[in-house]
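What follows is subunit A paired twice: with subunit B in the first complex and subunit C in the second.
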Partner chain A sequence: MIGFRFFIREFGLASAFIALGALLLICLWFSLSVQSSFLNEFRQDQLSLILDPTEKESFEQLMREESGVLRYSLQTAEENRDRIRSLYPELDSVIDSISIENFPVSALVIVEDGRKMMSFFETRPELIQAQMIHQAPDSLKTLISVATTIFLFLWVFTLILFLYFQLEGVAHRQSAKWSLMKMLGAKSSRIFLPLWGLQMTRLLVSSVCACVLAWWATSYLLSFSNWTWAGLGLNLSLGFILASLVLGSLCLYSLFLVQFRRVSVC
Partner chain B sequence: MLSGGLSRVGSAPLGVLALSTLCLFSSFGPSIEARSVDPQEELRKLIGERAPIEASLQELENSVLALEARQIELSQELIDFERDLEAKLRDAMLPLLSWPEGGRFLQTASWLEYQQTELLIQHTRKALLRKPLELIEERKTRIAELSDLRSSMSNQIRELQIRKSLIDFEEEELLLMKRRAETELPQATGRSKSLQ
Partner chain C sequence: MITLLREVGKLLFQFKKVHKSYGIQKIFRDLDFCLQRGTFSILTGASGSGKTTLFRLLCGVEKPTAGEIHFLGRRLVEHSPVHLRNIGFIFQSPRGLFDRTVFENVALPLMVDRVPRPEIESRVMAWLDDLGLRHRVKSKYGDLSGGEIQKLEFARAMIRRPRLVLADEPTAHLDAIQSDLLLDILWEHYRNGASVFISTHHPPKFHHPSILRYHIEDQQIRQLSSEEVHIPRLGEESSVQKKLELER
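Moving on, here comes the complex of A and B:
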């Protein structure tokens, strides 16, 4: 019964450690990918415009004449319809039944000063029916940061528990041996090193499992999204395993010292 | 007959005018006679006045007929429109019912594309919303047009009825005057002969 309970506790802790490790890794990967792809798009101010379809030529002329415009591209109503169709293949028949006049002609304009250009476009309502300035996904960035912090905290907490219960069991089982060694004046490292080897092996296996789980999850996420992001890299995985071992060693040593001090000399 | 005519006309100005003419004619008959007004001439004059009234009556009748035809035409158009409205509204509403609220974050390659798609979807939704609103507005306009026509028709008919009553009254007056003229003419001729 005690053995079963021990097994359940160990299994639960290991699963939580692996799951939280994987979630932390996914958050880190997501954060790095957003940084390198989404946020890189916003080096220059960009505006999306909905144009009056009859004023396309006038708009093009305006774009050529306006000095604040760096680049622009036009999308016809057909292109926009196809874009919506590709995003929503289940609406194919619905989109077919809608006449082409309902789909707007749009333009993407890269400008020097987005706000200034927006107020300029506001003075030309005959050309521009709607406009928006593209902004970096700050809320997404905040969400990822918050999620990373929470998962990091939980992961460290689980790591401490993961080591603590193991160490407590070992200390309980080997209290007589530790007491004798302490009385004989043996160095604590002679007890710690074999213990460290065993716990680090457990940690290494769990961290590798977390990396595999995270790799599978990110690959799955990429498989049904259109993002052109790289999968979970080897560097990130190795960094995670290394961080896990270093942090684990520090925690284990601190916990061991506390336990070792508690053991009374016989 | 006169009082009956009066009650039918009510306060119509023409009726009052005709009545006052008649009263003048009947009360000051001798003075008119003294001014040597020819009753036949007066009769001819009054008969001559009848012609434009009859023309006006005919015109009114024609316009009522045209209005009735227009009303039938509009009613038919409205019935046809109402019959097709359900199908038209269904066709216009169907895309709106399944139209997405926003872009799909996972399906767009970049954040910029995601935002742009959201703008496109919202703008297309606005354009799709216009159609059912136009249909409802058109229905409202058609119903208003028909009810306006109906009220205008009832006004015209009422006016026509009043004018018809007036004409009837004037006809009666004319007949009365004709009869009086016929009876007074031999007497006047006899009196002038005796004076001679």
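Moving on, here comes the complex of A and C:
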């Protein structure tokens, strides 16, 4: 019965560690992929402006003089009409019937600080008739950060439990030996190192399983979506395994010291 | 022979106003006690008088309720665990590894010290020969009798040739001949420069000026004067020894 309970507990902890590790890896992969593709487009702030057609030269002069402007492009009324036409080919006849004066002259301005530049344009109403800022959606960034933090926390918590229950069992079984070794003046490292080797092997196997699970899950996600992201990279997997081992070693040593201090000399 | 006179007088342990109690039961009250280096000290006292508690205090396992214990001039708690390597502990109750063999149990201190394997083997076998345990070398600790366990514990404590031996009732489970054998070994060890402090109900049946005798009573430790010790001087045969000779 004790053996069965031990097996269930071990199996449960290992499964939780592998599942949470895989979820953390998927979150990291998703975060990195979004950063490198979607959010990369919003690395700099973009402003869409509707210009007064008669002030086109003044606007261009202003863009050349303003230091906060990285680059800009102007779209004439004709260009904007053609773009609308290409976007909505079914409205072709309607668009043709609209006079060219009704299409705006616009500009796309890429700036260092979008909010600051918008405030500046508000002081020049003779040039700019309307403006709009394009920034990366904060909610997406927040969602990814929160999900990563939650899975990181859960994974670390499971890692601690994963090691704690093992160590508690070992300390219970080997308390006589630890006590005797302590009495003989053995350094704690004499007991810790063999224990460390065994637990790190366990952690390594579990981390590799988590990587395999995450790799399978990301491949599956990519297979039915039209994202063009790269799959789970080797660097990310190796980094995860290394982080598991380093963090695991630190946790194990801290837990071991607590257990070792509890064991009395006799 | 005589004891390391040059070292006598240097303090190994010093108890300063030590109180020790378990709940309402007081074991020691305002205890001032010194254990000197290079002495062969024997502690006697009635059962429950606090002999084992004193040894546990000396080992640092128990902490005094009040007062301080100094070891080699520093507070005992300030010493690193490594200092325990210079001390051979023999406890009343067994401390061995039940699932390991006699050889492994005796060799453990040398393994901790990373002594080369051939030296471990020769030293362990020598001790097992001396104590009559050679035939049990491959037996599990758990299969030994009480007397054999006590001899194994003794061998394990002595195999490092510690500079200080703290022995709590090392002969409690042994017959008179075996007890004398162990005490002879301790005496030889002492003559080779070690300090020995033992508690026993069966003190050595010889007298020597270097032997200091202490007695626990009324929550205090008192050094016995030579008038209070009624045992023959070294070389004289006691009535017990004569009886044993006749039995042989």
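In the analysis below, the second predicted complex is superposed on the first by the 172 of 266 C-alpha atoms of A that agree within 3 Å, B and C clash if a C-alpha of one lies under 4 Å from a C-alpha of the other, contacts with A are read in each partner's own complex, and residues count from 1 in each chain.
Please note the rule applied: contacts are C-beta pairs under 8 Å (C-beta built on N, C-alpha and C of every residue); 3 or more make two chains touch, one makes a residue touch a chain.
Keep in mind it's a predicted model, so treat the numbers as computed, not measured.
Which partner, subunit B or subunit C, touches the larger number of subunit A residues?
For subunit A, the partner with the higher number of touched residues is B.
After superposition on the shared chain, which partner residues are touched by A:Ser37: those of subunit B (first), subunit C (second), both, or neither?
The answer is first: A:Ser37 touches subunit B but not subunit C.
Under the stated touch criterion, which partner chain does A:Leu184 make contact with: subunit B (first), subunit C (second), both, or neither?
A:Leu184 sits against subunit C, while subunit B stays out of touch.
State whether A:Ser223 touches subunit B only (first), subunit C only (second), both chains, or neither.
A:Ser223 sits against neither subunit B nor subunit C.
If you stack the two complexes on chain A, which partner ends up touching A:Ser73: first (subunit B), second (subunit C), both, or neither?
It touches nothing on subunit B or subunit C.
Quick check for you: in the superposed arrangement, does A:Asn235 touch first (subunit B), second (subunit C), both or neither?
A:Asn235: touches no partner chain.
Between subunit B and subunit C, whom does A:Ala176 touch in the aligned arrangement: first, second, both, or neither?
Only subunit C is touched by A:Ala176; subunit B is not.
Please work out whether A:Gln46 is in contact with subunit B alone, subunit C alone, both, or neither, and reply first, second, both or neither.
A:Gln46 contacts subunit B only, not subunit C.
Let me test your reading of the model: by the given contact rule, A:Ser139 touches which partner, first (subunit B), second (subunit C), both or neither?
Neither: A:Ser139 stays clear of subunit B and subunit C.
Do subunit B and subunit C touch any of the same residues on subunit A, and if so, which?
Touching subunit B in the first complex and subunit C in the second, no residue of subunit A appears in both lists.
For the complex, which residues does subunit B have touching subunit A?
So the residues of subunit B in touch with subunit A come to 91, 94-95, 98-100, 103-104, 106-112, 115-117, 119-121, 123-124, 127-128.
Please name which positions on subunit C make contact with subunit A in the complex.
Residues in contact with subunit A: 56, 59-61, 81-87, 89, 91, 93, 95-98, 108-109, 112.
Can you check the complex and tell me which residues of subunit A touch subunit B?
Listed in rising order, the residues of subunit A that touch subunit B are 37-38, 41-42, 46, 48, 50, 80, 83-84, 87-88, 91, 94-95, 97-98, 101-104, 106, 108, 129-130, 132, 134-137, 140, 221, 224-228.
In their complex, what parts of subunit A are in touch with subunit C?
176-177, 179-187, 190, 264-266
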